[in-house]
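Below you will find the structure I want to go over with you.
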Amino acid sequence: MEDLIKRIESIFKVLKKERGKRDNLWIIEVEKDSLHAVLSYLKDNESFKHLALVSCVDWIENNKFQLSYILWSYQKRQNLIVKIFIDRDKPEFKTVLNLFPQAEIYEREIRELYGVSFEGNPTQNEDFVLEDWEEMPPMRRDFDTLKYSQEKYGDRDSEVQKTNIRKIISDFTDEWRRK
Amino acid sequence: MWIWYKVLYALIVVIGGLAYGLLLGGISRKITARLQGRRGPSVFQNYIDLIKLIRKRTAISHGVMFFLAPMFRLLGGIGVLLLVPIIANNTALSNFSFGGDLIVVLYFMVFGCLGMALGAADSGHPHSALAPTRGLAQMAGYELPFLLSVIGLAIAHNTVSLSNLVAAQQGGILHWNLFQYPFLSIAGLIAMLGMYMAYPFSVVMAPQEIAVGPPTEYSSTFLSFMFTGRSIFGVGKYVLFMDLFLGGATNLVEAFVKTFVLFLFVVFISNVFPRYRTEQAVRFFWTYPLVIGLIDFIRIFIK
Amino acid sequence: MVFFAASLLLIFIGLYAALVKRNLIKIIIGLSIMDTGVNMLIISLGFVKGRTAPIISLKDLFKKGSLLVDVSKVVDPLPQALVLTAIVIGVAVTAMALSVVIRMYSVKKSIEIDDFKELKW
Amino acid sequence: MVNPVVIIAVTLIAAFSIGIFQFLGKKFVRGVFWLTILFDFTAILSIAYGFLTKVIKAPIMVKIGGFPPPIGINLYVDQLSAYLGVVVFFIGAMAAYHWINRGIDDPEPKALVLMLLLLLGSTGMIFTQDFFNLFVFIEITSIASYGLVASKLDGFSLEAAFKYIVVGSISSTFVLLGAVLLYKFAGSLNMLDISNHINKSMYSGGMLIIISIMFLFGLLIELEVFPMNGWALDIYQGANPAVVAILAGGIVKGFYLVFVRSANYLKFPYLLKIGIIFGLATYLVSQFFAWKQKDIRRLFGYSSVGQLGLLILAGAFYINGNLTGFAKKYMLFAIIFFVLNHSFSKSTLFFLADLFGKRNIEEWKGAISQNKFFGFLFSSSVLSMAGAPPFLGFWAKLFFILAIPRQYFYIVVLVLIGAAAEILYYFNLYRIASENDGEVLDYKGSIIPSLFNVLVLLGLAVLGAYKFFTITGMEIQNAKFLAFITVSAIAVLIIGISRIAQWILALGMLISFSYHLIRNQNFVSVFNIQSFFVILVLVGAVIFLFATYPLSKKYSASFYPLFIFTVFSMVGISVASNWISLFIFWELMSWSSYLLINQGSKKPAWIYLVMSAIGGYSMLAGIKLLSTGSNLIPVFKASAIAAPVWAAILIFTAFLVKMGTAPLHIWARDAYGESPDGFTPLLSGVLSKMGVFGAILTIVYLIPHISHSNIILYGLAWFGALTALFMALLAVFQEDVKKILAYSSISQVGYILIGIALATSLGYSAALYHTVNHLIFKGLLFVAAAGIIYRTGTSYLPEMGGLIRRMPFTFLAFLMGIITLAGIPPLSGFAGKWLLYSALLEKRWMFILLIAMFASIVAFMYCYKLLHAIFLGQLRDKYRDTKEVPLPIVIIELILAGLTMAVGMKPSLILRFSDKAIKTLGFSNPGYAYEGAHRIVSKFGYWNAYFMAVFAIGSFIIALVLFFLVKAKIRKVGQLDIGYAGEVPDSPESVHFGYDLYAHMRRAVRVFIYPHVENSYRRIYQGLMAFVDYTRRFYTGDLNTYALWVIITLSFIFYILYKGVF
Amino acid sequence: MKDNKYFLDDKPDKISYSEVWQKFFNWARAKSLWVVAYGTGCGSIEIPPMVTSRFDAERFGVSTVGTPRQADVLIISGYLAVKTLKRVIRVYEQMQSPKYVVGLGACTVNGGMYYDSYNTVNLVELYIPIDVYVAGCMPRPEAILAGFAQLMKKIKEGRADGWKHYLDNFEQYRKNQEKIIKNWKIPNYNW
């Protein structure tokens, strides 16, 4: 796996590399302009034929969106995550549909939930999960779901004890991480 | 004047048939539940269901055929029950069997099915339209052994009058067609399984697969009529098979016992077999029961 | 008998040409030979050895002093009359055939049968 | 009256003067030519007229040079020569006109000279009395023909001409040899003289055989007999069509006359054998080789050659066949009719082929359909050529078949096979020509010669019919009726400008005819099986004709005439009193219905025609078997004597074809499904019942008198049962409304066949009842289908759906029809089933009973499919504004639906008629009895229709009342308001279940519905085609081979003579 | 989609009735509950155990049907998104009166653990009249049966008139529904 990363480094500029939680999982960060080249190289020369997922992370602190392309090689049985950062104020990127047709639906999902538009994806503006959503994309971290929920769906005015679930969950996960 | 007595008796028979049919349905549900290790509903559950259905407040209709189909269904059921003699040569319980003979009954049995199929098709629901095609295909399957046994018996006894058929079987249990012509009877009884559309031949209704088959769009009063028709039809068919194979009945108790035995036969078979696909059912009917029945059929043909 | 054999031989030669030769002109020659054979046969039918031709000259007429001719002296005249007609017809046919062949040659620049097999089946 | 020699002399002088004075210009040349033709024609016509009016009583004998017969050359003109001369000159004139009109080949004067020489030669050939003179005239004719054939001066014509020259030379060599050897043998050249001198015993010597064979063989080559006719076909293909027209239409007939006459004078004893061998071989081989032919002229050439073969056969029988009495007369007329028919129709066909200009038959698409008048001429000639009644060819063929002695039955069979093959390829051409999708094509040139020819043909058709009926002495009422039919059809055709007027006239005719019939006391009082079917036909026809009103504007002007023709010919069938008149009207019906179906779709019509032809001709063969020495026209009742098994089977085949019984059903699906919608009800409801009628006649009059009749009847019942079952099964998987109904029709007729095959009174009751009932409900269904197709524009079931909302009345009627079809009790369908089953039980035919009952169960499947796919389910957007079907159709539908209800309650409405009819079949009772007013009792069971109806309706009303008592609040909802797993369906199409409804069933019955029979037919046809395609390479196009075959044939003749095969 | 070609466009009538033998019929209705289980959320996995051998709801007359036309009871089995709500409304309106709704799980009560989700309906009774809520995340089959017992009791007492309430306050319900469902693509009333 390290050889692979070295080979990539010899061709492309790798900003950051990191071993994942398994031996066969590595994460590299590349420049956003070279992503297509990298993916194309990986697909054609390194047998990463399968794009398992495209995901998005909202780094609101850095004013960035991170796009992660998770690749899988059936031959080598290796995962490689290629990530890039795009400007959060200008959430636009180019589609990888020409390399991986299955990216269509992932990009549609990201478009709906994060508002990142992918130039060249013809179906990106269709509904993915939500029907007729008109607000801010709901997975952005500056979207206040509680407020929205209360405004839109109301709240039961009863003696049900309200717990801040979010706090509990974050406490729980913090604790779990600490271990 | 006698015709009005007949009508009166007929009413009683129909109401009795309905009660009996609903009860059989309840018992069937109970038996199924017990076989599955459940307590199951009360044996009177079908009565309750019927009452509830009748007293639903609203109903929808899709068109004229949709509207009339439950009536056809009920008419088909009543027709079959009333055209077969429950107790032959009994003023009250031979029903209207003077109106026609076995051939009439055979064709009248289709009346209700066709009516229901048309209503189902009129509802515009694709599942409702699909189910009758399955039903008719399966009918083409089971009618062949059934007709085989019926024709065999008719030729053997030189009659197609049901009363005469019953009369020919009197005089002891060994005179029953079941024992006189065992292979024909087996073919006929297997065909009966298909006729009741119980498992393994339940592809028509096929609950959960195509909603509930033909009556998918039916509700409330319409459904109650279908339910009624189906119950009465079921009883009518049991009586028919009783007359054909089990020697008919000389009194009501005997009729109840014999039909109940037939009923148990259907219920127990249906509870231990999974569902056939349409073409599997058709192939089944065109092979085993047919071949079995042909043994007696040829015997009669040669004789 | 010799005439018979010879004429039959001629007829068969003609037929042979018609059957075997691939050249149109040769076939026509064969037909002519066949014609000749038939004509010879016709002549031979009327021929009686030792008799003269059935030609009546004025001299003969006046010599005998009557119009009657001694029929026993001459051969049967009818076949000779017939053969004249037949020869004429044969010539006509040959002429016709040759003119057709000329036309055929002008169309296809060939007089071989193999080039004239378009009409078939 | 003119001296015949003048004709020859004038023609000769004219020919030479044209040749000499051609510098005087085109006008002079043409003037002389036409004047000569006119003179010759007038002259010969006057002679012929003299013969016709019996002014000239004896044959004319012209002594040239005043010498008496044995010495000089004589012309001998008898009746036949004169008539043939008229024909030759007529065709010649027409061909010349056509030729000049189409642009005669250069140089024109020479061509006209050759034409005159040709006519001169053929006239002389017909007239001469001298063998050598005959040779001379033959040569004149031949040389003229060589020139004419070559006159086009292109590769094809020159090639053909050269082949002709070579083979012709060989032929004339033989003729010459024969003539001179004859002179040597007999010492004379005069035909009569020779004839007087020789007798049959001289043939034992051997010399005369060789001589005769030489002579006749030469003529046989000219007559284009089988192995030696490659050159002739090449001429037909390659030469100018005008030349071919005169050759095929006139000159060859001259050769034929010469051949027959010479053989007669020579008392040639082996003529019959030679005629049978070569005539039959020529006829059959060319009829089959033509199948694969793509060049239309060569196709016609094959046909001509075939006709010549038939003529040789006929001539051989006439001269040498030991025919006596009527048979001889029949054969003579057969020959005359064949000659006339072939001359006029074939020359017309060649003219038309030239006018249209296309050689490949595939390029003939649209030739008929786009040029109406051209189409009329073409159709008339083709119909006449193929022997369709009432054209001359039909009478010729009929005479021929009747005249052939019974011991030569195999000839009858082979000739009829050839006739069927001829129909196959002629109407393949006709099919292509009547296709409608080609681009607009027009013919070039004048159609006047063709028009004259066709007018003559039509006149000859009348003559033929007149002669046939007068000579055979069949009842004059047949002839009258045929005339009546024709006149009616022509009357309807004439007012073809307006379809409405045609409709009114046709309807008026039918109704007034029916009224006339009912007023006829004789008809009403003697009610028998025939009256039953007459009434059936007329009632059905009136009803279905009435329903065609809204559809009429789609149809061509010939629709109603043909409709009338079909209907009246069915009446003719029903009232026929002997087999021959039955056959005549049967053929009329087949052909007119073919033309009607052809207006809808071409290929199915063609298959229908071929199957009908096979059926019709097998019937004719069967009838031939029934005839005895003196009795050539078998009557129904008298035919009881010694009817062989094969006669019954052959006659039955025709009826089985019309009934569509498997395995003869292959025509039916598409013919029913794609015929004009206005005609299909008649086709299904009435026309197929003619098969039933015929079957009843056969079983009543023929079957009881043959051995093994029980086995035959049982076999028939099996055929009926299997038809009923498998056609029903096939119907289930059709996706076209009319095709479902088509298969259903065949299936139902299968039931009727079972009933007939039972041959018991109850069986007949069932059959007759079901016949009427099938007319009612299948007519109803087809009429309704016609209306639906009219409104929706499609007959494809998956395209329909939900039409109950737009066409409630049609749905009601259709539902009634379907319930009747399914045989469910309260309506009339059940009675037929009950009677049939009772009859089967009575006879203990258990297996057939099982299959029949099971078939009716299968029928439910397609019944449901029809109702569902047309009327139920989701209504499509495009039919949202569709209206109810047109009013006349609704009226008919409701009348028929009412009838089914009425009959369902009271089956005696039909049964009282069928009872009467059955009594005339020789049964004392109808097989069942009435018990009380309504209860019908058979030996096995009983059935009370009235009670059933009252019971069903009563119960229904009670159920309905009950329902309204307890019903909930009902809302009628929209069509897409269905429980669809919470979703909203987006269009009706997405939730309509309409295509391949029985896909699951298909998996179970795949082996039964696989088109085995169609495929077998296709394989046979393709196999024959391949065989023909291979064997027709026999005509290599190589001159040497042609010459070789001449020699081989001659050797063959001598060989078999030597072996003493004769 | 508001095209009356395909759909019946009328609003339902209000129903007011009085019945002879009311109690008897209510008893029958209570003893014969046909359930259309509309699997909206994780509760749908709890329905099968309820009707199979261990818990055997059929002994109470509760059985399942495959079509809303014949059903008496609609089980909203948990978490209800806006998107699903549309379908639930359609299914509910296609059922024939009298009809009852059982809300299953905490999510239907107040959103449960998704109370602050952007897409979970917190108060289902604003949109569909709920007759019985069964609390729990998820409730076990016993709890569901208890809920059914409650429903039966209500029906017998004649208090299970959510359906009537829906018809009577149809405009109000529809207003609530339209408030959260932006683009109303289903017919005015789902007959």
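We call the chains A, B, C, D and E, going by the order they appear; numbering starts again at 1 in every chain.
Keep in mind that, in the parts below, contacts are C-beta pairs under 8 Å (C-beta built on N, C-alpha and C of every residue); 3 or more make two chains touch, one makes a residue touch a chain.
Quick caveat, the model's predicted, so the values are computed rather than measured.
Q: Would you mind checking the shortest number of contact hops between chain A and chain E?
A: The fewest steps needed to get from chain A to chain E is 1.
Q: In terms of C-beta pairs in contact, which two chains are most connected?
A: Greatest number of C-beta pairs in contact occurs for B-D.
Q: Which chain's mean C-alpha position is nearest the mean C-alpha position of the whole protein set?
A: D
Q: Measuring between mean CA coordinates, which chain is farthest from chain A?
A: Comparing chain centres, C lies farthest from chain A.
Q: Chain D to chain E: how many Å between their CA centres?
A: Once rounded, the distance between the two centres reads 73 Å.
Q: Quick one: report the Å distance separating chain A from chain C, using the average Cα coordinate of each chain.
A: 109
Q: When the centre of a chain is set as the mean of its C-alpha atoms, what distance in Å lies between chain A and chain D?
A: So the centroids are 80 Å from each other.
Q: I'd like to verify one number: the distance from the centre of chain C to the centre of chain D, where each centre is the average of its C-alpha atoms, in whole angstrom.
A: Roughly 50 Å separates the two chain centres.
Q: Note the residues in chain D that touch 2 or more other chains, in rising order.
A: Answer for chain D, listing residues that touch two or more other chains: 968-969, 971-973, 975-977, 979, 988.
Q: Residues touching two or more other chains, restricted to chain E: which are they?
A: Residues 15, 67, 69, 86, 96, 191.
Q: Could you run through all the chain pairs that touch each other?
A: All touching pairs, sorted by chain label, are A-E, B-D, B-E, C-D, D-E.
Q: What residues of chain D sit close enough to touch chain C in their complex?
A: On the chain D side, the touching residues are 132, 135-136, 139, 142-143, 146-147, 150, 153-156, 158-163, 165-166, 168-170, 172-173, 176-177, 180-181, 183-184, 189, 230, 233-234, 237-238, 292-293, 298, 1032-1033, 1035-1040, 1043-1044, 1047.
Q: Would you tell me which residues of chain D are touching chain B in their complex?
A: Chain D reaches chain B through residues 802, 804-805, 808, 815, 819, 822-825, 830, 833-834, 837-838, 841, 844, 846-847, 849-850, 853-854, 857-858, 860-861, 863-865, 867-868, 872-874, 940-944, 947-948, 951-952, 955-956, 959-960, 963, 966-973, 975-980, 988, 991-993, 997-998, 1000-1005.
Q: Can you list the chain D residues touching chain E in their complex?
A: Contact set of chain D toward chain E: 877, 880, 968-969, 971-977, 979, 981-984, 988.
Q: Can you list the residues on chain E that touch chain B in the complex?
A: For this pair, the touching residues of chain E are 12, 15, 17, 19, 25, 28-29, 31-32, 34, 52-53, 56, 58-61, 63, 65-67, 69-70, 72, 96-98, 191.
Q: In the complex of these two chains, what residues of chain B are touching chain E?
A: Contacts found on chain B: 29, 33, 36-42, 45, 48-49, 51-52, 55-60, 207-208, 211-212, 215-220, 223.
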